[in-house]
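Across the two complexes that follow, chain A remains constant while its partner is chain B and subsequently chain C.
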Partner chain A sequence: MKNIGSKFLALLISIVIAAILVAGCGGSTKSTAEKRDYFKVGVITSLSGAEAYGGNVTRRGYELWAETVNKKGGIKLGEKSYQVKLIFADDQSDPNAGADAAQRMITSEKVDFILGPYTSGVTMAVAPILEKYKVPMITGSAESPLIWKQKFKYTFGTIPAVDLTGSQPLATLAKEVGSKPASIAILGVNDPFSKATAEAFKAAAEKEGIKVLKYDIVPAGTDFNPLISAIKGLNPDVLAVGGHEKEHMEIIKASKSLGFMPKVFLMHYGITTPDFIKNLGKNSDYVMGATTWTPDLNYKDAVFGSTKKYVEAAKIRYGSMPDYTEAACAATGQIFTAALAKIKAIPPLNEEQREKLVKALEEVKIDSTLYGPIKFATDGAWYHNNTGLKALTIQIMQGNQIIVGPKQVKLKDPVYPVPPMSSR
Partner chain B sequence: MELIIQTLVNGLLIGGIFIMIAVGFTLAFGVMDIIDFAVGEWVMLGAFAAYWLQTLVHVDPLLFFPVIMLTFGAAAYVFQPVLQSVINIKHRSAALMALAFTFGLSTFFRGAALTLWGFNNRNIVTFLSDQSINILGITLPALRVAATVFAVIITIGFMVFLNKTKTGVAIRAAAENKTIAGLMGIDGQKVARTVYAIYAALTSLAGVFIGSIFSVNPDMGLRYTAFAFFVVVAGGMGSFAGAIAAAILLGLIASFVSVYVGGAYIFLILFLFLYFVLLFFSKGILGKGL
Partner chain C sequence: MFSRYGTLKNAMCGLGLVALLLLPFIIPTFWLRIFTGVSLWVGLALSWNMIGGYMGYISFGHGAFFGVGAYATALVMAHTPIPFGIAILISGTLTYLFARMVGYLTFRLNGTYFAIGTWAFAEMMRQVVLLLPFTGGSYGMRLPPVVNEGFFYYVMLALAVAVLIFSYFIFEKSSFGLKVKSVREEETAAQTLGIDVEKVKNQVFALSGLFPGVIGGAYAYWITYIHPDSVLGPLIADQMVVMVLLGGIGTVFGPVIGASLMYIGNRIIWVTWGDSSSYLVILGLAICFIIRFLPEGLIKLPIRESLRRIGVGARQAIPNEEVR
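Moving on, here comes the complex of A and B:
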C-alpha cells in the first residue's frame, strides 16, 4: 500500500511538473491565417536564466508601448488603425536558445518584425537568423559595439553603444572634480556587453591620463572577494566595473565586508535599476555610472505625451521608476510605427514589404521620443545604432539618479571623493 | 605578504561554504546512490526561505537557521519515498534514474521560484552582514567566518553522530553494504530518509549563508550544482574526508587564481585540475573514493 501511495505521489508530481512546463511555454502555436488586421510583433528577451531581471526590464518597456498604442486604437496607417499583438519568446539568457526562439518566431509565428533582446550576447546570436529570413529587429537594450561592427542589415539598436557612452563618467572625473583621480582598477564580466564596457573604461582612463592599476575580465558568477582583496592592496582611486546589477551589488557588498573603499565606484549597467538601489540602500549612494537618459529629462512623445507622462504611466503600471533601458524599449516601437507609416504597409508584411521597412528604418528620423531623438547610423563602425544621443554621467544620491556631467547639463556637482560607506 | 595571507584566508572561508554543501551531497550519494542534480536548487530554496523570513516575519534569518533547517529536513523526509520509488524501478540503473529525476526536479524548482517569486535580485541583511574582523591587516568578513565556523562544527558533529550513535552506525553500515546491513536488521528505507533529510537541511543552511553573502534569485543554484559535482568528483565519489579536502582546495584554487593569475582563468584552471585528478587519481585526491 505504501509503495502504491508513493508511486501515486510521483505520478501526481510529474503531472504538475508537466502542466507547469506546458503552461510556461505559452504563446499560441496556431498557424496564422493569411489575412489578419493586426501587427504581430515578436519580442525575444531574457525572461528566465541569469539575466531574467534585465530581460523583464525590457519586457516592461515593450509591453507598455504596445498597451498604450492599443488603448489609443493601434498603429494608424492611412484611414485604418491596426492593433499590436506582442508574442513573447524567452531566450533563457542563452544565445543558443535566443537563436532558436528567433527561428520559431519567424517560421511558425510569422511575426512582422521583432523587438530585440536584453543582452548583447543574445542579440548577436539572433541577428544572423534575421539576415537569413529577412525580418527586421530593433533592440531597445543591447549596448555592445561588436553588434554594429558586424553590419547586420536587419538589426537596429536604440541605445548608443557603450564605447560611445562609457567614457563620459571618466571624462567628468578627469575634468570636473577638484582633484582628478590618479589611478583606476577595472573589472569586467565576461560577456560581450560587460567586456566592451570594461574596454571603454580602460580606453577612457588611458586617454584622460588615469593610471590603470588592474584590468581583469572575470567569468560570470565569480566570487569577488579575492579580487577585491587584491584591488584593496593596489589602493586605486576609482574601481570601475562593467557588468549587470547583480554583480555590482555583490561587489559593493564584498567591498564593504573587506573594508575597501575607493574614492568612487563607477559601474555600468544596472545601477539605474530599482533593484540595485533598493537592495543596497545607503550603500548604493554615490556610485557613479553612465546613461543616455534619466527620468528628469523632458522630451515630447507621440505615444505617451512626454517623458514625464511616460514615467508616471510606467510607475503606475509596474510600481517602480523606469530606467534608461526600460525607457529606450518603450520608445523603440515608435520607430517601427514611423517607418510603417512611411511605407504604408498593412499587416501581415511580406518579404518585399519587410525589405522596404528596413530601408524606411534607415531613413526615418524622429526628433523627439520619450527617450530622445532617434536616427540610425547608416555607415561606419556603429552601423544601424542610434548614435545621436549625448552620454551623461550620473551619480546615485539619496537613492535617486542625478546627472552630474557633462557641465552644460548637470543638475548637481559630482561628489568626489565620496564619503565612506561606514560613515553614511 | 599580507596579500598572500588574505588570499589564503579568502580561499579557506569560501571553502567552508562549499564544505557545507559537499558533506550532505557526499552522504546522499554514499547511502542512496543518488547524484542529486537539484543540489543547487536546495541552496536557492534555502536562500529564499531566509529572504522570506526576513521580509515577512521581520526576523534575522541567521538567528532562525534551525527553523529553516528543520523545515527543509522535514520536507525532504516526507518527499524521500517519491525519490526512492523512482530509484527502485526494476531493471533500471538507480544512479541514472536518480540523475534524470533530480534534473527534472531542479528545472521544476527553478521554474516554480521564477513563477512564484519573480525575477528580482534580492538581498538578505543579517546582523553579521556589515561586520568584519581585522587581525594584523587581514580582513575577515564576519558572515564568511560564521559560515566556515558552522561548517566545521557541523562536520565535527556529524563525525560524532556517524561514529557514536546507533543511527549513525546504521547509516555507515548502509553506506558500506545495503544488502548485509538489511540482513542485520537495519531498515534501509528509514536510513535513506534520514540521510536525505540531513542532506536537505545542511544544503538549505548553506543557502542561507550564500544568499546573505551574495544575492538571492531563482537562478543562483546552478553554479553550486557545478561546484558540488566538482567537490565530489575531485574528492572521490562517496568519500567524506575527500569531499572536505576538495571543498577547501576548490576555495583556495579559485582565490589564488583570481588574485595571482587573473579572474579569466578561474574556471579553466579549476576544470584542468579536475581533469588531472580524474586522470591520475581516479579515486579522488585522498584516494578514498569509489
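Moving on, here comes the complex of A and C:
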C-alpha cells in the first residue's frame, strides 16, 4: 500500500502547488485591472462543440463592431474616446464551461460588460452568475422565449424572441392575401427553439381563425415521409414547420416525392441560409418564413453608417453575407455605447456604475441601428428582450428572400396560393 | 508500521487535505469553480472506474446516471420543499435502483455488446427526458439559483472524497474487492470458486451508478439550468472513460490523476488560447501521446524512482516494507 500512499502524496502536493500558482496568477491580474483607459469587454460564445458554426457567426458580429469602433478612435464619451478590447472565451457549447467563462470574465479579467452566448442553454447558465456580480450582458443571438420569462436583471437580448416573430407570417397570410387560408398543419422539431416556433405558429393560427388540423412535435432526425403522407390525407392549406434548414430541406423533398403540395410552405428558421436555396434550387421558391432582418433593409447606423455599409464591410472582412444573428450581434456594441453615454461612465466600471448602466440600458431607445430599432421591454413575459423591432414576413422568389409583409415595408405582394413544384 | 516515513506521509496527507479545505480562502473564485469542476469529474471518473476498471466492463451509459440524478434533484426541488442535501440522496437512491434494472438487462451482453447496450440505454434516457411532459422536454429545467462558490466547492469535494474512500475500502481492502477482481480476470474460474458472478456484476454496476446520481444532483443545483443535451449527452460518459484511461484504469488514484489533469489542463489551455478553438487540438494530441507512450496511464509514471534518485522518500523503497 506504500505505492498508493506515495502517489496520493504526490498528487496532493501537486494540487497544492497548482493552487498556489493559480492564486499567484489571479493576484497579478487584479493589480493591473485597477487603472486602464479602454473598455474591456468579455465575449462568451460557442467557438467549439456542437454549436461552433453559430458561435462563430456571433463572434464575427461582435468582432466587426469592435474593429470598426476602434478604427474610428473608440467609444466617445465626452471629450475623450476609449478603445475597446474584446476578451473571448469559448463556452464549448456547454453550460458548465459557459458558467466558468462568465466567472473568469468577471473575477479574473474584470470586464466592464459582456457580449453574450450563441445558445439559450449557455445563456441560462451564465445569467445567475451575472446577477451575483452585477455585470450587464447583451446577447445578440439567444432567441428562446424562456430566457425572458426568468426576469434576469442583468441579461438583455437584441433579437426578439421567436414567439414575437413567429406569428408575423400567419398575420400576413390572414390579412394580406386574396383568399385567407382555412386550415394549417404544424410540425415542430423537439429542440427549444423549434418547439417555441411551432408553438408560436399554433397560437397565431388560432388567433387568426385558421383551423389547426395537426400539431406534432417530433424528435430531431425523424423520417418525415410517414408524417408528410399523413398530412397529405388531411389536405391543409398551409404546412408550417419549426426547425432548421436541414429539416426544412427534408420536408420539401419528401413532399415533392409524395406529391403533397399545400397552398404554401411556412418554415422558420434557416430558409434564408445559402444552403437551403442552393440545395433545393427551384423547389425552394415561394417558401415563406419569418425574420427580423434581411441584408436589403436600409437603416441608418451610428457606427457603420447604414445597414448597406455594414453588409459590405462584413462581406469584405469575412467573405460571406451576414445573416440576422450576425447583424444583431454587430448592433449590440452601440447599445452599450448609448447607455454609457447616458451615464458618462469611463472605464474601468465599478459596481455602482454597472448598476447605473443596467438602468440606462432599460431606458435606451435607439430608432435606427444597422439591425433596426432597439428598445428593451422592462416588464412582462419579454423582460429585457428587444421588443422595439417588428418582425418581417419573407418569401423566397427566384432564390432571393423578398419582404412580403407587413404592408408598410413590403417590397412585393405575397404569392398565395403558390404554383405547384412540378410546374415551375 | 508507523515508520518515520509513514508519519511524515500521514502528516503530508493531512496537510494536503487542510490545503484543499482552505482553498476557498486562498484562490480567486474563478479558480475555485475550476476546482469544483475537478472534484465533480474526480467523483465521476472514480465511479466509472468501479465498473470499467475493477470489473472490466466498459460502460458508455454512465452519463445517463448523472443525468437522471440531475433531473431527479431538479424535479424534487421544484415540486417539494425537500432541501438540497436530501434531494441528492434521493437522486442517488434512484439511480442505484435504475442501475440495478439496467444491469439486470445489459449483463446478458458481453464485451462490445455490453458497451453498445449501455450506450443505447443512455440515448434512450435522453429521448425519454426530451419527451416527458414534466421534465420540461427540450426547454430543460431551471433550479432556484444559488451562486455560492464556496458551498459548491465543499459539496463537490466532499462527494469526491467520499467516492475515493468508498473505492479504496470496497475495492482495495475488502473481500468483495477480491471477488470483483477475480470476476474481471476470468469469469468462469471465478464461478468455479463459488462466486455468484451475476450478483457481483449487478452489485458493482449499481454501486457505480449510485454516485453519479448524487453528483448529477449537485451539478444541477450548481449550474442551475439543465438540459437533456448538457446532462444526458454522450460526451459525459466519454469523458469519464478518457479520464480513467488517462490516469490509470483499475487503480484508486489513476482516475483522480486523470480527471484532475484533464480538467485543469483543459481549463488552463482554454484560458491561454481561449479566443480560438485550436486548444482542443493540443488537448487531443496530449491525450494521444499519453495513451501511446503510457498505455497504463499516468499513474505508471516513474515518479517514485525519480524522487528516490534525488533522495526523497528513499526509505520507502526497502523491499521488506513493501511486503510488510
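Miscellaneous remarks
Going forward, the second predicted complex is superposed on the first by the 322 of 424 C-alpha atoms of A that agree within 3 Å, B and C clash if a C-alpha of one lies under 4 Å from a C-alpha of the other, contacts with A are read in each partner's own complex, and residues count from 1 in each chain.
The rule is simple: a contact is a pair of C-beta atoms (placed from the backbone, for glycine too) under 8 Å apart; a residue touches a chain by one contact, two chains touch by 3 or more.
Model, not experiment: these values are computed from the prediction.
In the superposition on chain A, A:N190 makes contact with both chain B and chain C.
When the shared chain is aligned, chain B comes close enough to touch A:L280, but chain C does not. Of the two partner chains, chain C is the only one touched by A:S108; chain B is not.
By the touch criterion defined above, A:D94 lies against chain C but remains apart from chain B after alignment on the C-alpha atoms of chain A. Applying the stated contact rule after C-alpha superposition, one finds that A:A125 touches chain C and leaves chain B untouched.
When both complexes are overlaid on chain A, the residue A:A52 reaches chain B and chain C alike. In the superposition on chain A, A:S229 makes contact with chain B only, while chain C stays out of contact range.
Of the two partner chains placed by the overlay, only chain B lies in contact with A:G259; chain C stays clear of it. By the touch criterion stated above, A:P219 is placed in contact with chain B and with chain C alike. 2-3, 5-7, 9-10, 13, 20, 47-48, 50, 52, 190, 217, 219 are the residues of chain A that lie in the contact sets of both chain B and chain C, per the superposition on chain A. By the touch criterion stated above, chain A contacts chain B in their complex at residues 2-3, 5-7, 9-10, 13-14, 17, 20-21, 24, 47-50, 52-53, 55-56, 93, 187, 190, 216-219, 221-223, 225-227, 229-230, 233, 245-246, 249-250, 253-254, 256-259, 275, 279-280, 422. Those residues of chain C lying in contact with chain A across their complex are 9, 12-13, 15-17, 19-20, 23, 26-31, 33-35, 37, 127, 130-131, 137-140, 142, 145, 147, 149, 172, 219, 223-227, 229-230, 235, 251-253, 256-257, 260, 264, 267, 270-271, 274-277, 279-280, 299, 303-304, 307, 313, 316, 321-322. Chain contact summary for the complex, chain B toward chain A: residues 2-3, 6-7, 10-11, 13-14, 81-82, 84-86, 104, 107-108, 110-112, 114-115, 118-123, 129-132, 134, 139, 141-144, 213-215, 217-219, 223, 254-256, 258-259, 262-264, 266-267. Only residues 2-13, 15-16, 18-20, 22-23, 26, 30, 47-48, 50, 52, 87-90, 94-97, 99-101, 103-104, 106-108, 121, 124-125, 128-129, 131-132, 144, 146, 150, 190-192, 195, 217, 219 of chain A touch chain C when the two sit together in their complex.
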